[in-house]
Structures are given as C-alpha cells and as structure tokens.
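Shared between the two complexes below is subunit A, which pairs with subunit B and subunit C, respectively.
Now for the complex of A and B:
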C-alpha cells in the first residue's frame, strides 16, 4: 500500500520518526506488562509529571541548538519558588508572585547569557556555576527548610494541580502550548532559523550578518524563563518553596534533550524530538515503577537506553557521511 | 541602481594593514568597475586574502580609504559589507550544512509573510527562479551537506545575486571544480558582468585569468605592484610581476652530498580528497623540497606520509619497512615525524612546559617499569636545549612564553629525541622572524648532514632554492615537476605550480 509506505518513509526520514516508534514501543510494552498502566488516569498523570521537564527542555534544547549548554535549570526550579511564595504571602497576589519569580529567572538568564555569549566563557562552566550558586543561595535563604504558602490562593493551587476539563493537568496543557509556540518560532520565524544557523556554523552566521552573541544570549534568557515557568508549577504542586526541589532535574532534562536528537555541538535538533525524549523517559520511569522495579534499576535501565539511543544516532550519522 | 558603467563601483586607496610583527598590506590601491572582472593575483602571502577580508568586513584596515559609488564607506562588520552590496565567496564554503539550498540562499534575509512567519513557498520559488535565471540545475530542497563542493559553490554565487550584490569577490573559486564546472562558472561570471556587477577574481591559475579577466592587479609582499588590462600582459610578464627581483637569502650549506640509501619511499599515493598518484624517494642526508601554491596538497601529503591521515591507495616505506597508513604509532616507531604547519594547534601543548613538549614522543624511552624517570628525561631535554641553542628561561616554563623560532626548535627536538630518521617539515618558518629563520635553516642543514632525510614543504621559494637538494612542485594534488636544485629557477617553479 503506497499510503503506508509513504508514512513509513516519513517516519524514518524525519529524525522524530524513530523516537515516535520508540515511544510507542515503550507504551506498548508496559500496556502488556501491567494492567493499570494504560488507564486515562495514569497516562494523564505521566503527562503532568513530564510537563516540567518538557517546559525546561524547550529552553535547554534552544540553547543546545545555538551551540551552547545550559545546566542551571535544576536549581532555578527551587530558586524561583522563593520570590513567588514570599511575594504571594506578603501581597496575596498570584500575579505579583509570578512576576517576582519571572524577574529572578530573567536575571539568571541575563547573567548566564552575558557571561557565556558576550564574554565567551564556556557555557557548561558558567551554568554549572549558577547551578551551584543558586542552590547555595536557596539553602542560605530558607535555612534548609521549606517556606510554606500561607496565602492559600485557590488560583495558585489550581495552577499545578487542576485539570483542564477534569482530565488533562494544567501543567501539561501549558507545556503543550509552549511546545507548539516555540516549535513554530524555531521552525518558521527568522529568529528560530538564526538560532540554528548560529549553532550550525557560527562563522557562516556571522558572515551572513547575524549578531551571533545576541542570538545565543536570547537563548539563555528564554531557557531561564521557561525553567521559571516549570518552577512555578512545581511550587504550586508542592504548596511551598522547597529547598531541595529540582535536585538532579537538570540531568533529567539534558538526558531527554539529547535522547530527543538535539546535538551537543549545535545546529541540529527539533523541539518535537526533545518532547518525545521527555515522554519516553517519563513513561519508562512510570512503567518501571509499576513493575515494582527498584528505583536503582530504573536508573540503570534509563542510563543504558540513553547511551544506546545516542550511539545509534551517531552511527547512523556517520554512515551517511 | 545601475550607475554610469565607467565610474568606479569601488575604490580602495592606500590600504594598510598590520598584524603583530607583520605588515600584511602597505599602501595598496584597488579600483573596481561595474561590469568588469578584476583579477587579483600574487604569491602566497602577497596580501590577497587580507585585502578581500577587509572588503568582506572581516578585517579592519589600519589606514587608507574605501569609497563605494563615490561615497566613503566604513566596513566594520560583515553586515556592513553586505549592506553596501559586497559579497565575498570564500574558499571555505559558507553554507549552513543542515539547511536546504533554498534557505541558505536567503540566509541573510528570510522572506516573511504578513505576520512575520517565514514564507517557505516563496523562499523555494525564489530560489528556483534564481537558479533558472543562472542556468543551474540544483534542487532547492536539497540539504547543503548532501551536495558536492562544486554545487555548494554555485549556491554561494547564487546567494550573492539573491542579495543584489553589486560587487562579488571570488576567492580561488575553481580550486575544487572540474573543467566542466569551471566552464559553467565562467558562464555565470559573464552573466554577472552583463548585469553590471563588478567581479573580483582571485586565482593562482593564469590561464583562467587570461580567459575571464579584464584587468589584473598584482600584489607582492603586501604591496601593489601593477594594475594593467589583461591584454597588456603575457604569462611571462605576469609571473615576472608576481616574483619581481628579490634579495636572495644565502643559506649556509655545510653538509656534503646526499648518500645513496633511500630512507623514505612513497609510491602511487592517493587520498580521497586531494592527492593523486604521488611518488618520490628521499635519501639519507638529503633535503627534498616541495613547492606548491596554497591548496596544492603539500600539507595533505605531509600528513599522509607520517600516517596521520588515511590514504586511498599507494605505499609508504620508511627505511625499507612498510608504514601502516593512518597509524602514527608505527610511523613514529619506524622513524618518521612531522613538524606541522600549524604549530599552535597541532604541534604544541601551549600551557605545558618546554620539557613536556619536547619529551612527548619519547617518554617510553625514559620509563622504567612504566614510570618516567624524571632525571633521565630532564638531562636528555637539557642536552637538546643546549645543542640546538633553544633560548628559554627554564625547562619548566610553559612553551607559550617562547618565541616562534624557539618553539620550532623544541618541536624538532621532540623527533630528534625519539631518534627519527625521516623528518617532514611543513612551512617550518611560518611566523618566525628572520634571525630565527636562518637558525632553523642551519638546523635542517645539520640534520641532513647527520644522515637524516628531510622532506620540506614550503611556499617560500628562496628557502627551497637555498636548502633543498631536489625540488618537487605540486599542483592539484599531483607532482607536476621534479628537478635538482641546480636546474630550478623561480620562474620554472612558479610555472610548474600554476600548470
């Protein structure tokens, strides 16, 4: 049948194709292995859990595509919850709380971007530095404990815990909307293509008259703001600013981004690929949990899958050359 | 937009540019006319690249003025150059490999629709129309990385037109093209002329210049030598302008004649990209020089014969023993080492000490049960520092602090410590001052005198004529001539290199 052959060709040619097949395989496997896995409740729960990594992952993928690295999102998740909760407790206003959180996130993005893009300091080192600084700052400010939400606003509670039409968690809705918006920007706005060009070959981009540092700088700011959105959702779910929130989150995100086919050397990748990477890892963790596999083994399996997937990708790429 | 065809499209006057320790350009003039092809020629290092990089906004001039259409222009960034209608097609292809051809064409400005989305349909259609106008058979939807270099170059030229460039500069555009593609390129260039565009054509290939150019400017050692209509030149008069009369450096040749035993033998060597059927032999006590213009394949040859790069076919033997290609370990074990052209990135570990840089290849020789005996290492290194008169404040100083000439001596010592028989030196005096140069020459002379075989790649003819026993000339990855030094002249070498 020509139709199905066409579909197969599309699936194998697009870099997302193998990932989609991989996701379906993971879902199929656990659907057979566990009778509770394939329920609406479980699937929507997983989507809700995946949404934080997906939001932050959009930003991290953009930074990767621009040829830089951002690993600061884990601590940022915890850090932005502090101005959010503190301002909300003081003013009883969700909007002011969110504004405060975005302000902090924006400042972090500007600092990362300024150091990495304009001063040309290695972005892995810069963002690793902000990761430590922010985590330390959170511990210092909170005195190693959580700051509870005393305002108790219903709107704030709903943000992370509510569901659209009672089914799809709001964070998942937000992640999906952001994904579509940024996929459009990266694929169909000149700015997005400039990001690809800056990462694909910065010299060419410069010769084409692009302001490469500014493009990279923008990537860092976007990344920090998206991580802030994830942090706000998480704070709502936890009902407080928790000092250990997001520990190790940055590695989950980087793993999903890389699994999603985004190149560490820049210029290559798609946000849909990243999203599939996040979903594969989230369903994997959920399914393995349902099979009562110890979390230790979940880590081992996840790690092995990431290495296998990226190696596969690399060999395929080398064959083409 | 089309101004009077006889008014200069661009006038560069008194352009000067210095780099630390080097005057790259001094008082150079270049005047371009719309609808004319202006060839820019000169030997390697004559200043052509610097001049066109200034035009491209990549480098900034130190002095002089640039006027475009009679108006003073400042070219501070590539963006300025593009805005003023100057498009430089560099030798290294400047396409984004993952983008389609069509998107690459409109890289400078994606066409957008009312809401600012990229109009992909228009982009593809415009690219197609442009190719049709130029007579290119290129699929606008193909990814740049999947295309052969020659096609990528066509795409680059189309890109110039897409942005209504009035001045198109081509840097060695035919270096990777087949004769058929060259013919197509010339058709395109004539097309550009008919559109009133001023073309700057940088090339080593004189026959191309006679075919396509209207005017020729010759640069030499960063200076403007002549600008004449191409009809006023003959091949000989052009070569004469390129070489000029030069002060011949005299190199102290202390060694005796070469011996009879062959230390390096290369038979039918070809690589995937560059080298074609290269064969030669080098004897003990001999300096075998390779001359060639940029891109002739000398560096590729140097890397292939020491086992650094893979080869497609051919045999390399060191002292009669076959070298396993693409394997520097057996190369070093058999006794061949490379002094690379690019000291900074391929030769030195800049932050590490003189001692560590020198002993790198020979560490195994100082080791007992796997532990390097520091004292033995140190005394051996000190021996070479004394012998070659390396001027260094101490063995522990980072090699970064040494002058270029002294860095080069340390690198040579690295191979001497290892007891190598064959030493390949690629542009041994690049970036080294005159005094240090003669020391390096004396050193090469002495090494040959001690029975080493030396292969020397250089684009400096005086070096070659002063130091070599025999000289091979390369062009397009082949050896086009081999001659004893006594038979070599500058004119002869350059003719063979241009062939």
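Now for the complex of A and C:
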C-alpha cells in the first residue's frame, strides 16, 4: 500500500525513525511477555517516571548541541529541593518555594555558563565541579538526612502525584509541554538556529556574527532551570528534600540523550530523538521490573541495549556514507 | 621548553610569573606547596610520618588507575566504568582467594577480570564504534547490576592469609606496598608514554585521529591497548582496595571514576586528546588527596571533601586556561 510505504520511508529517513522502531519493539516485546504491561495505568506510570529525565534531558541536549557538556543535573536535582522545602515550610506558600528553587537553579546555571562560556573552562570540568560542590553542599546543609515537608500543602502534593483528568501524571504533562515548546524553539526560532550554529562550527558562527559565548551561556541557564523543574517534581513525589536524590541521575540523562542521537561533538541532535531515548530506557526498566527479574538485571540489560542501539546507529550511519 | 624562551621578560614580579607560565605544571606545584604550608601551619601533625604515609597510600590507589586513564585521555578516549569495575574486581579477588586459598590465584583472577572489562570496553569502542563516554557508562551499568547478581553482600575474608593483608597494609622496608606498586606503575607508564613508540603513537592518535590513521598507525589496536592497560590497572587497585578493606565490597568505588578523571584533568591532560603528562596526573592526585587529608586533620566536616575538590578542579583548570592563553599571545 502506498500509504504505508510512505510512512516507512518517513520513518527510515528521519533520524528518529530507528529510535521509534526500537521503542515500539520494546513496548511490543513486553506487551507480549507481560499481561499487565499494556494497561493504561502502567503506561501512564512509566510516562510519569520518564518525565524527570525528559525535562532534564531537554536542557542537557541543548547544551550538547551547543558543543558543551552538562553533567551537573544529578546533584542539582537534590539541591533545588532544599530551598523549595525550606521556604515552603517557612512561608506555607508553594509559589514562593518554587521561586526559591528556580532562583538556586538559575544561579547554578549562570555560574556554569559564566565559567564554561565566558572564562572558557572545559565544561565537563566545570559541571563536574558543580556536581561535587552541590552534592557536598546538600550533605553539609542537611547533615545527611532528609528535610521533611511540614507545610503539607495539597497543591504541592498534587504537583508530582496528581493526574490530569485522573489519567496522565502532571510531571508527564509538564515534560510534554516543555518538550513541544523547546522543540519548536530549537527548530523554528533564531535561538535554536544559533545553538546549532555554535555547536556545529563555533569559528564559522563567530565570523557569521553570532555571539557564541552568549548562546552557550543561555544553554547552561536553560539546562539548569529545566533540571530544577525535574527536582521540584521529584521533591513533591518524595514529599521531602532527600540528600541522596538524583545520585547517578546525570549518567541516566546523558545515556538517554546520546542514545537519542545527540552528538557529543556538538551541532547535531533533536529533542524528539532525546525524548525517544528517555522513553526507550524508561519502558525497558519498567518492563524488566514486570518480568520479575531482579532489579540488578535492569541495569545489565539497559547497559547492553545502550551499546547495541548506539553501535547499530553508528553502523547505519556508516552504511549511508 | 622551547616556548618559554619566547616570552618577553617583564618587570618585577611579572618576570617570575612569566617564567612560571613556561612550566606546564607550575600552577599545581605552587598550589600543592601552598596547601601543605597552610595545613601544616594550622595543624602540626600534618608533617608526621604516619600522616604522610596515609596520604601516599590514599594517593597510590587513585594514581594507579589515573596512570591508565591518562594514557586513554591522551589517545582521545575515556573510561567511566573504572569505579564499578573496581568494586566488582575486589569481590572477584576475595572470592577467588577464599576458594583457592592462594594469593597469586586471587591476584590473577582480579587482573583477568578487570583486564577482560578493559578488553570489552576497547572492543565496543573500536569495533562497534560506540563513543567511549557512552560505551563505558553502559559498562558501568552492566557492572553495577552484575556485581549484585554475583554477590548480595560483601565478600568476607575467610582465608586469613597474611600475604593477602600485606598487599594493602604491608611494608617493604620503610615503604608501604601500595605506594611501591604505584611507583612501579607510574615509572612503567611514564616510560611507555615518553620513551616508546607506543607513547608517541598514542599522542599522535589523540591529537589527530585521521592523520594518525592515514599515516598508517594501527589506530584500533592502540586504543584497545589503552583500554586493556586501564583495565589491568583497575585490577591492581581492586586487589589493594579489597586487601585494605579486608572484604570485597560491591558498593566500593562509587564515584571513584570521577575522582580519577578529576585528578587527570587537574593535571593538565586535555579531554580532547593529544595533550597531557603523567607528572601532571601525579600532581593532580596529590593535590586532591592533600586536600582530603587536610579536611580530616583540621577536623572540618567531612562533607567538605566533596565541595573543596570541586572548587579546586575548576579553579586550577581556569588558571591553566589563562596560562596557556597568555603563552599563546
């Protein structure tokens, strides 16, 4: 049928095609292997779990595309929960708590961006430094315990645990909206063009009149603010500021972003690819859990799948050349 | 250094700064001296023999793996699986020694396991052409999951062999054995990088992989060698660590990969490949471990052990960036 052939062509031509097929294969496999996998409840649960990595992944993907690296999101996730909970406990206001969290996230983004983009310190080092400093700061401030939410606001609880129309978790809604907004910005607004230009070839971008440091700086700030959003959602789910929250989260996000076809050398990638990468890893983790496999197997299989997917992608790319 | 003679002498203190700018490790040496001076002023026991040995022993663990990581980074690759591999190797070493009652068998098992991990990483990167950052994150996940499938809890020492304990805690003459092992590894890797074709090719490969391939270097084999060397050195460290802890801990080595990479990069090795030195790595390790030790001696909250190195890495890299740029002008 011509229509289905068209669809197939679109699938294989777009860079996200193989990823989408991979996602469908994962979902198909677990739908057959487990009775409960393909329920609305389970699918929406996975979307809720995927939303944290999705939000942070948007920012990390933008920073990667701009030719830099951001690995600070794991500690940031734990750090922003502290001002959120502390301010909320003191003022009984969710809005003030969120403002405080975003303020901290913004400051971290500005520091990362200033050091990496303007002082031109290698961004892996800068954000590795931020990862250390923030985690250490969280431990120092909390004395290595969780800070409970004493305000007990219903709105705060709903933020991470509520569902739109009783179906789709709010974090998933937020991630989806952010994904669409940023995909539009990256694909159809000057900012997106600037980011791709800065990452693709910084010298040419500079000669073409783009302010490369400013573009990269903006990328870091956006990334930190998006990780803050993820941190707020996580704090709501946990009902407290947990000092060990987000340990190793940066690895998950980087793995999903790279799996999604975002190049580590800058200038290449799409946010939809990143989103598919996140979804593949999330459905995989969920499905393996449903098969009653030991949770350790999830890590092993996920690692193997990442290697398989990236090497397959690389193989396809070389064949095309 | 040829380039240092090109710097115009500047009046006064600027001259010292200019001379320093020609020395690649100047910033780190000054930093190390300042740190030692400041800590010993605040706490005299810093210079006690016991404390110096403690610092050296801690440094040895990081330095052995960092030597391999330096080789890898110079060749343009990276290995994030070393922390997870370290923990797994420790469990394997203790288990093998328990079962066989023989230290050499345990040591061989550790080296074989960690070497195989390195080989796996190398094959995935060179044959399947997976970017090494993502490939070794995947290996890290596989190992973290795998170690819990292998053992749920710490593998305890059931053999009580004195020789096994000696690997971590023993002395040869006045020197702790881990420090001697680190010194031997350091010397071997230093010679390999500076005075052999392997080293020269590794630098060439990292600086420009395409040119290296076109000039007939066996790029894949070189990279594979870097991963296997790093793997084997993780094996050595895993053995020492499990001897020191007197158990194979599946949770050991968490975050170790970040410490190693921080030390190597602090030492001036470029992430882009082609540039770096093992002397720098040694200084980087010492700076991080002196800071760790200072925090303990000064009785600061130990959580500062994460904060201070984070700041130091960024600051030292910034100073290095400024130094390189000024020299380039």
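Throughout what follows, the second predicted complex is superposed on the first by the 318 of 321 C-alpha atoms of A that agree within 3 Å, B and C clash if a C-alpha of one lies under 4 Å from a C-alpha of the other, contacts with A are read in each partner's own complex, and residues count from 1 in each chain.
FYI, a contact is a pair of C-beta atoms (placed from the backbone, for glycine too) under 8 Å apart; a residue touches a chain by one contact, two chains touch by 3 or more.
This one's a predicted model, so the numbers in the text were calculated from it and none came from an experiment.
When both complexes are overlaid on chain A, the residue A:203 reaches subunit B alone and has no touch with subunit C.
Contact with neither subunit B nor subunit C is seen for A:38 once the two complexes are overlaid on the shared chain. Looking at the superposed arrangement, the partner reaching more residues of subunit A, out of subunit B and subunit C, is C. In the superposed model, A:164 lies in contact with neither subunit B nor subunit C. Looking at the shared chain after the overlay, A:193 reaches subunit B, while subunit C stays out of its contact range.
In the superposed pair of complexes, A:267 makes contact with subunit B only, with no contact to subunit C. Residues 56, 58, 77-79, 82-83, 88, 90, 94-99, 103, 107-110, 112, 116-118, 120 of subunit B touch subunit A in their complex.
Residues 184, 188-190, 193, 196-197, 200-201, 203-209, 267-268 of subunit A touch subunit B in their complex.
Interface residues of subunit A, counted against subunit C in their complex, comprise 115, 119-122, 124-126, 128-133, 135-137, 139-140, 144, 251, 254-255, 258-259, 264, 294-300, 302-304, 306-307, 310-311, 314-315, 318. Subunit C makes touch with subunit A in their complex at residues 80, 124, 128-131, 133-135, 137-142, 144-146, 148-149, 258, 261-262, 265, 271, 301, 303-311, 313-314, 317-318, 321.
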